[in-house]
Amino acid sequence: DFLNALHEIVPAFGASTDNLERCRQWYGVDFRLNGIVDCGERHKHIFQRAMLLVEQVKVSKGSPLVTCLLEGPSGSGKTAMAATIGIDSDFPYVKIISAETMIGLSESSKSAQIVKVFEDAYKSQLSIIILDDIERLVEYVEVGPRFSNLISQTLLVLLKRLPPKGKNLLVIGTTSAVEVLDSLGIRDAFAVTYRVPRLNTQDAKKVLKALDVFANDHFDAAAEALNNVPIKKLYMVVEMAAQGERGGSSEAIYSGKEKININHFFDCLGDIGTGNQFYN
Amino acid sequence: DFLNALHEIVPAFGASTDNLERCRQWYGVDFRLNGIVDCGERHKHIFQRAMLLVEQVKVSKGSPLVTCLLEGPSGSGKTAMAATIGIDSDFPYVKIISAETMIGLSESSKSAQIVKVFEDAYKSQLSIIILDDIERLVEYVEVGPRFSNLISQTLLVLLKRLPPKGKNLLVIGTTSAVEVLDSLGIRDAFAVTYRVPRLNTQDAKKVLKALDVFANDHFDAAAEALNNVPIKKLYMVVEMAAQGERGGSSEAIYSGKEKININHFFDCLGDIGTGNQFYN
Amino acid sequence: DFLNALHEIVPAFGASTDNLERCRQWYGVDFRLNGIVDCGERHKHIFQRAMLLVEQVKVSKGSPLVTCLLEGPSGSGKTAMAATIGIDSDFPYVKIISAETMIGLSESSKSAQIVKVFEDAYKSQLSIIILDDIERLVEYVEVGPRFSNLISQTLLVLLKRLPPKGKNLLVIGTTSAVEVLDSLGIRDAFAVTYRVPRLNTQDAKKVLKALDVFANDHFDAAAEALNNVPIKKLYMVVEMAAQGERGGSSEAIYSGKEKININHFFDCLGDIGTGNQFYN
Amino acid sequence: DFLNALHEIVPAFGASTDNLERCRQWYGVDFRLNGIVDCGERHKHIFQRAMLLVEQVKVSKGSPLVTCLLEGPSGSGKTAMAATIGIDSDFPYVKIISAETMIGLSESSKSAQIVKVFEDAYKSQLSIIILDDIERLVEYVEVGPRFSNLISQTLLVLLKRLPPKGKNLLVIGTTSAVEVLDSLGIRDAFAVTYRVPRLNTQDAKKVLKALDVFANDHFDAAAEALNNVPIKKLYMVVEMAAQGERGGSSEAIYSGKEKININHFFDCLGDIGTGNQFYN
Amino acid sequence: DFLNALHEIVPAFGASTDNLERCRQWYGVDFRLNGIVDCGERHKHIFQRAMLLVEQVKVSKGSPLVTCLLEGPSGSGKTAMAATIGIDSDFPYVKIISAETMIGLSESSKSAQIVKVFEDAYKSQLSIIILDDIERLVEYVEVGPRFSNLISQTLLVLLKRLPPKGKNLLVIGTTSAVEVLDSLGIRDAFAVTYRVPRLNTQDAKKVLKALDVFANDHFDAAAEALNNVPIKKLYMVVEMAAQGERGGSSEAIYSGKEKININHFFDCLGDIGTGNQFYN
Amino acid sequence: DFLNALHEIVPAFGASTDNLERCRQWYGVDFRLNGIVDCGERHKHIFQRAMLLVEQVKVSKGSPLVTCLLEGPSGSGKTAMAATIGIDSDFPYVKIISAETMIGLSESSKSAQIVKVFEDAYKSQLSIIILDDIERLVEYVEVGPRFSNLISQTLLVLLKRLPPKGKNLLVIGTTSAVEVLDSLGIRDAFAVTYRVPRLNTQDAKKVLKALDVFANDHFDAAAEALNNVPIKKLYMVVEMAAQGERGGSSEAIYSGKEKININHFFDCLGDIGTGNQFYN
C-alpha cells in the first residue's frame, strides 16, 4: 500500500539510475523523518488508483498511452506522490520534467527538451514521464495572463500522440492551478484527474504522532489547528515552533527532552498563514 | 456501408503507400479489436454523405475543390472517420496534416509544410487532404485568445484556392472546437459541415456487444451509463475496469474467463468523467 | 449588357495577355456552363454602373484615379464581376492582386508586391487593378482582432495617391467583410461602393433554367428554396444533389436523361447551410 | 485674397524649386479647371488667418516656431489650402511631409526622414513644413487602435522644439481625424487649429457656376443636393454624371453642347454617398 | 527673490559652462523681453521653496539625494523655472535631460544616456539634474496606453539610488501629465511635488504691464480675458494680435506707436483656445 | 534586541567582506545619526521573529530553504531591516539582489545574474539572499500592467528549489507592492510574510527624541503630526524644516543652538505629503 510504498522510497532512490538520482534533488522527503509518513485515507486511495494505471500500462495492449493529472493545493504532496509512483513502478524509463532544471532557458529550448524526453521514452517498452508543476512549465502568470503558448501547444500534442507500436507510456502531471490548466485546454488532455487534498484533522494526527513533539495535553489542540493545512506547511510550522520563543530550544525538542510550547506554536501558525484562503 | 468500410481499414492500410502508412501512426484503431466497430446510425449516415462527396470530386467536372468539416466532441471518432474516408477513396494522393508531425516547428515552417502538401496534391488528378485537429494546427488557446494568424490565413486561402484545371481535391477538416473555427472564419471556408456525435445508449450497446466483457445481467446498466460518452472514453474506462479493484484481472477478462465487476466499472467511470460538461 | 459581357469572358480570356491568363486561374466560371449565367437585374445594374466608371477613367482628364468597392456576402459573385469588368475594359494593363498568389509571404513582401503592381500601373496610360478579398489581403481575423497594419496602411495610401500626369487608373476592390474595411478606414478610401447581393428567387430561376436539371414539377420549389442563396452555394448544392442519394446518377442528370430527386436536393441544401445567418 | 492666391498657384508651381515641384505631385488641383475655384467665405477666412501666421513668422522675433493645424472632413480641401499657403509664402524652404512618398518604409526610416526635413528647415531663415494627413503619417488605425508610437513621439517633440536662434519655422498640419490626434496628444502640440468645412449650398453654387455643366433650371436643385458635401466628392459626382446614363456624353457636356441629366446626377450622388454620416 | 533670479538669467547663461549653454537652446525666454517677467505670487512661492531644497542639498549631510517634481498645465512655465533654479544654484554640475536631444534614439540608447548623466553627476560634489517633460522621456501616449517601460524603470531606480558618500544630488522633474506619472509610479518616487499654475488675472496684469501693448482703456479687459491662461499662450496670442487684422502692424505696436486692436485680440484668443478644458 | 542590533550595524559593515561593503552603498542609515534609531515595538517584534528564522536555518536539518517576505509602505524601513538581519546573522554568504546594480540590463541578463547569486549561495553551508524591492526587480508597472515574466518565473522557481544536501539558505524579500506580488504568485512562494509598518505617534516620539530638534513645547505636536508617516519621510521633513523659512538655519539647529520653527515644519510636512493615501 501507499505507506509501504513510501517506506521504500529511500532505498529505491539509493539504488536508482542516474535519472532517478536527479529526481531526488527536488524531493524533500528524505530531509525529514526519512520521508515516511502516512497522510491518511484520501492520499492512500489516490495512490492505489494511480498504481492501477501503472499496471494497466504494463499488461494491456490497448492502452499505449495513459495520462493522469494530480492536482491539489500548493504543498499537499503531489510531487512526492508522483515520484513515489515512478519509483514503485519499476519501469525502465522514469523521468521528471521540472521547471527547476530548465531555469532561464528560452521557450523553444524548454519545448525541445520536453520533446526530447518523450522521444527517449518512445524507445523504452515501459516508461513514466512526470510533468511537474505544469503551470510553471508553461510559465503561467495570472497577470495578463501570460504563458508560453509554444510550450503549451507542445504539451497538448504530446499528451495525445500515441507512442510507436509496442511502446507504452504513462504520463503523470502535477499542478496546484488546475483552473489554469483548464483554461489552457491541458486538463482535458489528461484521461484521469485526481485531487490530492490538504490534511484533515485525522491526517494531521497521524503525522504529528510520527513527529512526537507535542505534550499529550496539547496533541489534540495542535491537530485541530492543523485541519486543512498542507503537509508542507505542517512541517514548516513545527520547525519554526521548535526554535522556541527566544530561540535555542530545537535540539531539546527533537531529542525529546522538551515539548513544543503550544502558544508559540499557535503564534507561528498565525505567522505562516494556512493558505486556506487560496484553494477550496 | 460504413461498417464494411471499417472492416476494410486494416488491409487497406496494409496495402497502402508510404503516405497512408504514416497515417496509421496516429490511428489507434488497430490496437483494439482490429479497429472494427459499428458506432450506430448517426456515424454511418455521416460517413455515407462524406463518401458521396468523394464521388462528386471523382466524377464531376464542376467541383475541382470540395471542402468538408467533421466537428464534434473530443474523442468522438472524427479522425478515425476521416482516415477511413481517405483509405476507402482509392485516390492516388491521400495525405494527413497533423500537429503531431510538426511539433516544435515555427509558425512559418508549419505554414510552409501545409502549403507544400497542397502543392503536391495539385499535381495529382484526384487528391484528399485531411486537416486534423485544426484548432491544434493553428495553435489555438482560449486564454488571450492566442493562435497563429499566419497558419490561420494560410488555411483560409488554401480552402478557397482552386486547383489547376483538371485536378480535383477533397479537403476534410476535423475539429473539436468548432466555435473557435467559427471565430477564426475557418468554418465558413468549408462548404459542408457534419457533427460527429458521442455514442448514445444504442450505439454503446453495439460497441459493448463487440467487446463482450460484461456479464449479461450488467450489460444494459453498463450501456446506460455510457450514454453520451465519446468512444475514446468508452475504451479507456473498459480497460481501467478490466484491471479489477486490486489489479491483475485483465487477462482473465479479455480471455473471457471472468467478467468486469460492474461496481468497479462505475467507480472508474466516475474517475474518468464523461466529459459531458464540455460540449453540448 | 452584363449577360453579353459574360458571354464574352472565355474568348476574352483566351485572347488575353499573360496578366489576364493568370486571372483565369482563380476564376471558376469556365468550369461550369462556360461561365455564362444571367444572375438577375441587380447584378446587371451594378455591372453597368461599374462599366461607366471604366469609361470615365478612359475619357475624362479630371479623374486620374477612380476607386470602386464591390462588397457582398461570401460567394455572391464579386470576384467574377470584377474580372469581367477587367476583361471588358480592354485596358492595356489589368492586374489582380490576390492573397492566393502571396501565400506564406511576410507582411513586408506582400506590401512590396502590392506597391510594385501600382508602380507598374502608373506606367500604362489606362490601368485596372483588382484588389481581391481585401480582408484576406490585410490578413484580418475577428479574434483579437488581428491584421497587418503595414499592408493596411499601404492600401490606404495607394487608394488616395494620384498617378502621374496623363496616367489613369481604376481600382476595384472586393470584400465580403465590409464592416471590417469600415473599421480599418479602407472603405472610406473608396469613392464608390456597390453591394453585390445573393440571388433572390427570380435570379435563382434564371440560373436553374440555364442548368436544366430539375423536373418541371419541382422547378419552382427548387428556386424558392434557393432564395437568398449565394450563386456559389447554388452550384455546390446542385452538384451534390446530382450524385443522387446512393451516388452514380450525375452523368444521367447532366446528360438530361434523369432529373434531380427534389427530396435529396433539399437534404443537400440542409447539409450545406444557406449562409443566410452570417450576412444581412 | 484666397481666390487670387488660388489663381496664382499654377504659375507659382511652374516657377517653383525642386521642392515645390515635388508638391505638385500630390496636388490634384491642376487637373481640374486649372485649380481655380472660390469655395466660399469660410475657406477664405481660414486662408487669411493662416497667411497672418506666415507674416508673424516672417516679421516677429518672438515667434521662432508657429504651429497650425488644418482639420476637417475628408476631401474638404485641407491639403490644397496648405499647399497654397506654402506657395504664397515665398519662403525659401517649403517642404511637404506625406505618407505617399514614404510608402512601405519602416517606422524608424519614416521617423528619420521627418527629422531630416526639420533639420534642413533649421538651416533656412524662413521655412514652412507641411505635415500632410498626420493620422496616416503615424499609421493610425482605429482597430486596436494601432499606430506608430515612434513617429508619434518624434512629431510631439519636433512640434515643440525651437529652431536655433534667428531661424523661424511655420509648421502646418492637416488631418481628417482630429479626435485621433487629440488622443495622441498631437493636437495639443499645435498652437492654433482651424476647421476646414465641407461646402454649404452657397459654396457649392460658386463651384457649380465655375463648372457650368447644369441647365439653368437644374442649377439650384443641384447645389441644394450638394449641401454639406466635400469639394472632392463634388468633383467626382460631376464627372460621373457627365458620362451620362449610357456613357459617351462627357465630351458633349464639357464642351458645353449638352447639360448633365439631373436625374442621373442624383443617382450618381446616391451611389457615391455624401460622407455626411462620418464627420459632424 | 524669483523676479530677481529671473533678471539674472541671461548673464548667468552668458557666463555659463558648455552644459548650461546647451540648456539655453530649449529655453525660449531670451527671445522675449529678455526673459524677465514677474508671473505673480504663486510662481514666486514655488521658486523660493525649490531654492530651499538647493540649499538643503548644499549644506546638509543627511540628504545626499533630494528629488522634486514641478507639475502643471502645458506652457505654465515649468521648464523655465527648473532652468532658473539650475542657473541660480551655482552648482558645478547642472544638466538637463530632454527628449529634444534624444529624438529618434532607441529606448535602450535613451536609457543609457540618462544613466550616463547620473553617473557623471555622482562624480561632482553638488549636482542638479533636470528631467524635462518626463511623460515625453518615457514616450507616453494615452492611446493604449503605451510608453517605454525600460526608460520608466530606469528613472524609478535612479530616483531612489543614493549617490556615493560625499556626493549630493538634486533632481528636478517637470511634467504636464502628473496623473500619467502617478500611474507609472514615478510621481511617488519624488520626495516633493509643486504645481506650477496658469496665470490668474492679477498675474496676467503684471505680464501685460511689462509688455505695454494695450491702450489703457483695454488693459483690464485684456487681463480679464487672460485669466487662467498659461504664460506660453499669452505670448502667442499677443504676437498674433500684434500683426493686426490685415497684417503689417506689428512693428508699429512693438515700437509703441500703435496699440493692439482689442477686438482682433479677442478673435485671436478664440482661435488659439485657452486650453482650460484640458487641465484643472 | 533590534535596537542593539541596529547599534552594531556600522561596525559590522566596517568589518564586513566585499559583499557586505557593496550592501552599504544602498544603505542610507549611516548618513543620519549613525543609523541608530529605535522605531518602536512593532518593528522590534518583526526583527526578532526574523532572527528566529535565521536560527532555524542554522540549527535545523529539515529546513534547507526558508523564505520570508518583508512588505510594507514605501520608506517604512524594510530594506534597512533586511540588511540588519543579514549583518547580524554572521552567515558566511550574505548577498543583496537589487535593481540598482542591474540598471539598464536586459531581462535575460538580470535573470542570469539572479540565478548566479543563488548558485553561489548553494556552495556555502549557510547563506542569506536579500531580494530587495521585488516589484522593481521584475520591472513591474501598473499601467498595462507590464513586467518581466522571465524574471518573475525565475524567482518563482528559485523560491521553491531546494539547495543541495547540507546547504541551507534563507531568502528575505522586500516589497512595497505586496498586492502586485500576490497577483504574480510570488507572495505565495514565500513561507512567511511580515508587514513593516509606518511609525505611529509613539514610534515617532522615540525617533524625535533621538534627533532632539524641537523645543519641548512643540515636541508632542510634532510627533502627533508624524503619526502614520514612514521613517524615510520623517527624516526628509525634518531636514527640510531645519533650513528655516529663509534658509541658512540648519547649522544652528543641528548644533542645538536653535530649534525648528514648528509652523515651518507643518508647512514642509504639507509640501511633502504623508503618503497615507497610497497604502493602508
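Odds and ends about this structure:
When the chains are written out, they are named A, B, C, D, E and F in that same order, and each has its own residue count from 1.
Operating definition for what follows: contacts are C-beta pairs under 8 Å (C-beta built on N, C-alpha and C of every residue); 3 or more make two chains touch, one makes a residue touch a chain.
Quantities reported herein were computed from a predicted structural model and do not represent experimental measurements.
Between chain C and chain E, the centres computed from C-alpha atoms are 60 Å apart.
For the pair chain A and chain D, the distance between C-alpha centroids works out to 70 Å. Centre-to-centre spacing of chain E and chain F amounts to 35 Å, using the average Cα coordinate of each chain.
Within chain C, not a single residue touches two or more of the remaining chains. Taken as a contact graph, with one node per protein chain and an edge wherever two chains touch, the assembly forms a single closed ring in which every chain touches exactly two others.
Annotation: chains form a contact ring; the order from chain D, going to chain E first, is D, E, F, A, B, C.
Interface of chain B with chain A (complex): residues 25-26, 28, 31-32, 74, 99-100, 103-104, 136, 139, 141-144, 146, 233, 235-236, 239-240, 242-243, 247-248, 250-251, 271-273, 275, 278. Chain F makes touch with chain A in their complex at residues 49, 51-53, 55-56, 59-64, 66, 108, 111-112, 115, 145, 147, 149-150, 152-154, 156-158, 160-162, 164-165, 183-185, 188, 191-194.
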